[in-house]
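After this come two complexes, each holding chain A, first together with chain B and then together with chain C.
After this line comes the complex of A and B, so read on.
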């Protein structure tokens, strides 16, 4: 189809005060293929401006529209016309609001930004979605509180559920819990365990198929069409919820607290069983227990054992202490803790339990637990007020932390990148803890409950609802051919020009989501519904054979080439900045919104992720006389903020290889800089940009100008 | 090792905790050991400050540590901590409850302490001197109830020693006072021994500075909350001091100069009469005002838990002041009018006055009054060990 581009420039919101809009209009006309339609309006987002623009589009029937106005993050719904590719050029936040008005640099920036936007339309096309008819069944793995709740939520929403439980009964860990601490007002009394009700509802729900005593043999396929082999059956599911829960930390590893050494030192799980039986006796001699000492954080928040807080042990011990002291005459409970952590309303429970004179609490470090004359002696030290106290108890309970049941075999995926979910540092399978709960590094597979994060029953149930909704969202998005997360609106997907593939395996290796499988030769086998559209494969490919309809190596190269690079003798340096759309772009918007001023010499190009930056763009830019390249992406490392997990980190690694290109061009290393930026660090942007510009200016002009 | 942080083997004792709660520390268990109380306390020493540690010792029923803790008495119960406590644990009131508990443990005989601190025994204990005096006043025909029946106005008007002869007062109050001194000596000795139990040697003498604290209310004055409480205590303290001066002067007049009380109100007898009358009556007035302030403070305090002992103590003081002043006024009125009815009223008021005075003095080692000895001792102890400057 014939390409036709219409260009609209908004002069409102201070844009016309910042530069001469007619000169930008002129530059746009020059850049636009004939017959050029370039319109200027004082307020494109207003009803008059929008109707006028729509009318032009209706009459001219363009394939592409370039709108030079505010940030692309605004008016996405309004500035959209069926079948028309819309490119947004940020003349407001990234130009008019963040540079000196009427400065020639500001005008030149605006002209370049328009040229780049128009150039993008040279190759970019409206994506056509890859649609597959998905299975409308959710597979839930794990029949505990979380798994059963997820199953019920998915079933209630009208989806079929297959609930797989390895045990021969539903209930999971919760089946061994006698009573729970409260999760409803007034939060001050021990409550009934909800597990039996959930079991009954799952067993009687016609949409839920429960497979007991079953584990997963194999899962292949992709979101929408996972093929599952389990318990001798084979079936299709659209999405998967993993709710495999936790196990208490191994008490035998806590020898310093008498764990596994003294018979009268038991874990909180064992103590719960005793309470459930209604008969708390010393395992060593069967004597009735009158005094119980609880040791909190037993192996938790401890570098040698579990470095994290499991979040529920304090409340569990308070609950157990309550149940215990009320189980007979003259019973006493002692709780020694690092900090009592009873978040939110649970403070009420803490207060209520604390008010019982038979339950005694103190901060302190346990120095040792030893056997002493028919009792177990707990030596406490470093207590601010109970220094060197000794507590003699009949039984010692170690409040054990939670270890996620994430160490397979659980899923047995046939993915090229491994059978199980990748985990973060403490063994929790998660993809980005803060921003995207439930989301794992495998699209369409969601975790909830204690396998994802230590939590209590009430939180597990809430979490399960979230994961069930994500699974449903995945099935729905897949049915439309849209990305699930985080580019939830995106219909594009990567296409591989396989004739030129050299089987280097970089794309299959570097995709953080295991999207690409490989054939025997190492040729990538795409699974579009697993893809998150980050473009890491595109950035990885040395042959540049990976491209999206609206985002490719060629498209960005064209944008770079559209930048007007003044001759060396004009002494006007030019820079290209690749900015991550997820954090750096909105951060630049915020800087503009706050009217922070920075050098107008940098032409920012939004990228889906720094991981999609292909080395060739940098070579292209430098060989065309661009003086330097600035890359701004998300934080990487253990506490990464990259929306695609490894994108910015991969980019950083690849930049080390760019050294070769620089050597070939005989250019300085300092001309390329990668900066990690969080969205709330927008105040730092002027300093980042200015320092980069000044440091490269000091190197002198790029000698390739004018070639 | 610091005072209060000595290595002690002790075990949790829930019975002791319950005792402290019953003694007025009702919110003891609410404490979650944030130490706000110790931070805001204007009197707590920098090292091992109170009352946080006392709060947790109380919660765990660590009786041995509480009993060996002189810091209990360094607190003046101003209530700064109770006002600032984020949990409403009212450390100020808990400290009071702990003091009460400690007094009951150390005092001799301890059953008497238990009785004095128990509400249902209050009337019985008050009835004791009432019956005692009632009986003694019926022993002869030339005094007591016989005099009450006839009311003599000869020889300078109504005289109380016709109703209650001096020998009768002496025969009751001398043994009672001796007993009180003994009880305080035993209690103070036991307490001091326990404080000194950690073997820390005295660094300096502390008596003179501690007496200055008491007389000038220096430490009391550091408390932020309850300015009125400070003034109330000042009134009660100096009320008693002035009354004691007048009593001493009267004894000197009686046995040194052969005067027969009551002393004269005449300006011509200034040094041997009027001066002491003025001091005594002023003392009674500030005692009434001070006690009134203290009662008001308690009634209006929302952040404070008042134990029965608090009101019993203030009530008895008020009763002493009112019956004392009342019997004086009634005596003067009766003398002026020669009215037998007023004479009887004066005698009866005086009778009650003696009953209340007996209550205050005889039960002093067990009531709130005990702080007069134990707090002073604690100040001396803490100063001698360098705990306070």
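After this line comes the complex of A and C, so read on.
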């Protein structure tokens, strides 16, 4: 279809007070590609303005519409027409509201912003979704509480499930749990273990196929069409849930507490087994145990062992103490702790145990555990002023933390980026994002239960519901060609012009999600359903062969070329700013909302992620006489905020390589600057922008103007 | 998955349930009583342990919301009744008048002419706004609202005259309508415990005795002090800060349960306070320090701080001394009674679930503390279900979406 562009400019909300809109209209009329129509309206979002705009669109039937008005974050549903590419140009928050009204700089900025928005329409197209018919089966790896619950939820939702368990029976660690602490009212009594009920339901559910004594040999493919080889069978699944659980911390590493050294010092897992048998006796001499001492945080919250807290050991010890003292006459339990962590309604259970005179709680640090005359002596320091306490017990139980079973092989992916899910801190294949707990680094593969984070059985079951939801959602998104979180609306996908590929492998290496596999030569093999549409591959490619229909190297280059760069003698510097849509763009909006003013010399170009910024854009900008480039994106580093894991970090690294381009052009390195910003930092924006402009102005004009 | 669910409550939990369900194919009605989505977390300065701002996740979710035609959002809306209709629920909704409609462009001209000020509940009384105001920096929808209790109404009408877009209608009436859904998710969140009920702790008596959520507003960049930690009484940086944990929690006379997030909250606030006032003396009175999982990291950071002292003991009294406020507490490790001077006292109060305004059918299943228990077709998500950190709320909200959809698919 023939390209046709209609341009609408809103003069409301203070825009006409900030600059002469007729001059912006003029500039738009002369832009490239030449618009068929340019109309100004005092209020495009108002009933009259919107009606007028809709009428023009109905009559003109444009392929592209450019709206110069408020932020693209507003009126998204309103300003959209079926099949029409809409480009929003921010003349309000990023222009009229944040610069001096009636200043020539403000007008020139508005003109350039419109030229850039119109230029985008030169090559941008509406994306055509890459639709696949996905498998409606979910693979669950791990048949413990978490895995079984995820399987049951998925089955209940109408999906087929293959539940793979490496042991010869279902149940996982929970098989060795006698009773559990309460998660339901009245919260004060020990509760039944739900595992046997879950096993029965899984074994009898017609949609769940259980493969026991099985591990995964290989998984290839992508969301919607993972090809799984396991236990001599081969089958397709749409999404995967990893629920491989945990193992207790190795007690033999806790020699300072008698672990692995004294026979009557046992782990909480062993003690649970003893309670289940019903007869608690000392391992050394078989004598009946009358007095138990629990040591909390044994090898947890400890830099030498597990630095994190497993969250469940306090309640577990309280439960075990309760079971123990009720298992016979004259039984006593001591619990030595640093902090008792019984959050929320669990406080009720703690209260009930505190009220039991047979259970004694002592806060303090364990100084030593030693054999002493037929007992085990625990020495506790609980006050800087009093002498240490000594507890003589028949048996000492070390409350052991949870180590995730994340060290493979679990998935055996044939991905170029690796066989297993990357883990975060401490070995947990968790999400880095507090707000998005299921967002792993591999699309379509989710984790739940203790492999994701240490948690109790009730929480495992909740977590499994969450992971099952995400697995189902992924299958649905695949059937529509849509991306999964965070760009859940995005129907575009990257296309590779492989004829020009030089097999440099930058894209296959740098894709944060392992979307690209490689053939023997190193040519990328894209898997569109793995793709999160961030464009990091596009930013990586030195040959510029990667593009999206609505977002490409060429499209942004055209925007840069549309900027009007005054001749050197006019002494009007010009800058380009690449702003990440996730944090930087909204921050600029907030700065505008608060009428914070800054230099009008920077032309901001929104990008999906700083990771999608291609080096050629910098070179293009500089060789045209643009004086400097500012890049504003999300935080990277240990506690990264970048939603595409390494996007902004890669951009930062690439900017160091851009030094070559600068050297070639004999330009100073200070002309490029990358800034990490979060939305709430918006008040810093004027300083950030102004300091950048001032520091580069001091270097003098870019000598390439007018070339 | 097909189905229609009603999510009551548009904080982060409600938003998450709505998104996860809608992105799986369902239709969602998201009903929020306030004027904006975002709930309590929109007022927080940071999340622990990452020390990241809530705006990031909110923005991403807003983006997903805006692009999803399957979600209908109602603000200023209450669920007034729920009745069973065969296998489904009929939900009656009352939309209160905002007096500002969707023509509002957030240009802010009305604020310039409004003659009335009112106390901002979003800032827990630390700030005033005009009677016509933008709910907060991350407001969704991004339009103003009028506090009719403060507004002078038709006898003033200055905002109506100033508005170029016809967005203000002082005569707007409430609307009621009904929807039919297959399941309901309750995500109405919490209200902080009323600290004035804590006798002897000086809240309401001394300006510089504040709650943890008020502290967040003082530390938030969009707060009353633009993110600068300043004492409410004289706008100077506090040099001696005392945090009182379990203020009215784990206490038979107030909230018997533990609110799970206050320990982490205080540790986070202590770290931000440290950044702002490098030489401040910080004292934290606690019973247990409850930061589980990877949240332990934030405790490790604060323990490494030379000028922060942890004292195991409950603070029992706050009074005025010669040199500022004085906090009385017992150090349980030494048995000593302490009198600690402070410029700012932060009471870490607990979370009370918001269930009192829910219709009978929805709140029929509460535990003894008032938290929602999930049952057939009605599921709890977030802090209305149990006091929990944001990450766990998100987990539960995602799961609640599936539970609601599965129930719905059976009911259909």
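Throughout what follows, the second predicted complex is superposed on the first by the 693 of 707 C-alpha atoms of A that agree within 3 Å, B and C clash if a C-alpha of one lies under 4 Å from a C-alpha of the other, contacts with A are read in each partner's own complex, and residues count from 1 in each chain.
Basically, contacts are C-beta pairs under 8 Å (C-beta built on N, C-alpha and C of every residue); 3 or more make two chains touch, one makes a residue touch a chain.
Computed from a predicted structure; not experimentally measured.
Applying the stated clash criterion after superposition on chain A shows that chain B and chain C collide. By the touch criterion defined above, A:320 lies against neither chain B nor chain C after alignment on the C-alpha atoms of chain A.
After overlaying the two complexes on the shared chain, residue contacts for A:214 are found with neither chain B nor chain C. Using the contact criterion defined above for the overlaid structures, shared-chain residue A:363 touches chain B and also reaches chain C.
Contact with chain B, but none with chain C, is seen for A:355 once the two complexes are overlaid on the shared chain.
Once the two structures are overlaid, the count of chain A residues touched is higher for C than for its counterpart among chain B and chain C. Judged by the touch definition given at the top, the superposed model places A:135 against neither chain B nor chain C.
Touch criterion not met for A:111: it reaches neither chain B nor chain C.
Of the two partner chains placed by superposition, A:244 touches none, neither chain B nor chain C.
Of the two partner chains, neither chain B nor chain C is touched by A:90. By the touch criterion defined above, A:340 reaches both chain B and chain C.
Across the options 9-17, 45-53 or 135-143, chain B meets chain C in a clash only at 45-53, per the superposition defined above. Residues 340, 351, 363, 384-385 of chain A contact both chain B in one complex and chain C in the other.
Of all residues in chain A, those touching chain B in their complex are 332, 334, 340, 350-351, 354-358, 360-363, 384-392.
Residues 12-14, 42-43, 45-47, 70, 73-74, 76-77, 153, 156-158, 184-187, 301, 307-311, 339-348, 351, 363, 382-385, 425-426, 428, 430, 432-438, 453-455, 459, 462-466, 468-470, 472-473, 476-477, 485-486, 488-489, 582-583, 586, 590, 593, 634-635, 639, 641, 643, 678-683 of chain A are the ones touching chain C in the complex.
Residues 1, 12, 16, 19-20, 23-25, 45, 47, 50-53, 55-64, 66-69, 103, 105-108, 137-138, 142, 164-166, 220-222, 226-227, 250, 256-260, 288-297, 300, 312, 332-335, 367-369, 371, 373, 386-392, 394-396, 398-403, 405-406, 409-410 of chain C are the ones touching chain A in the complex.
Residues 5, 7-12, 14, 17-18, 21, 29-30, 32-33, 35, 52-53, 55-57, 59-62, 87 of chain B touch chain A in their complex.
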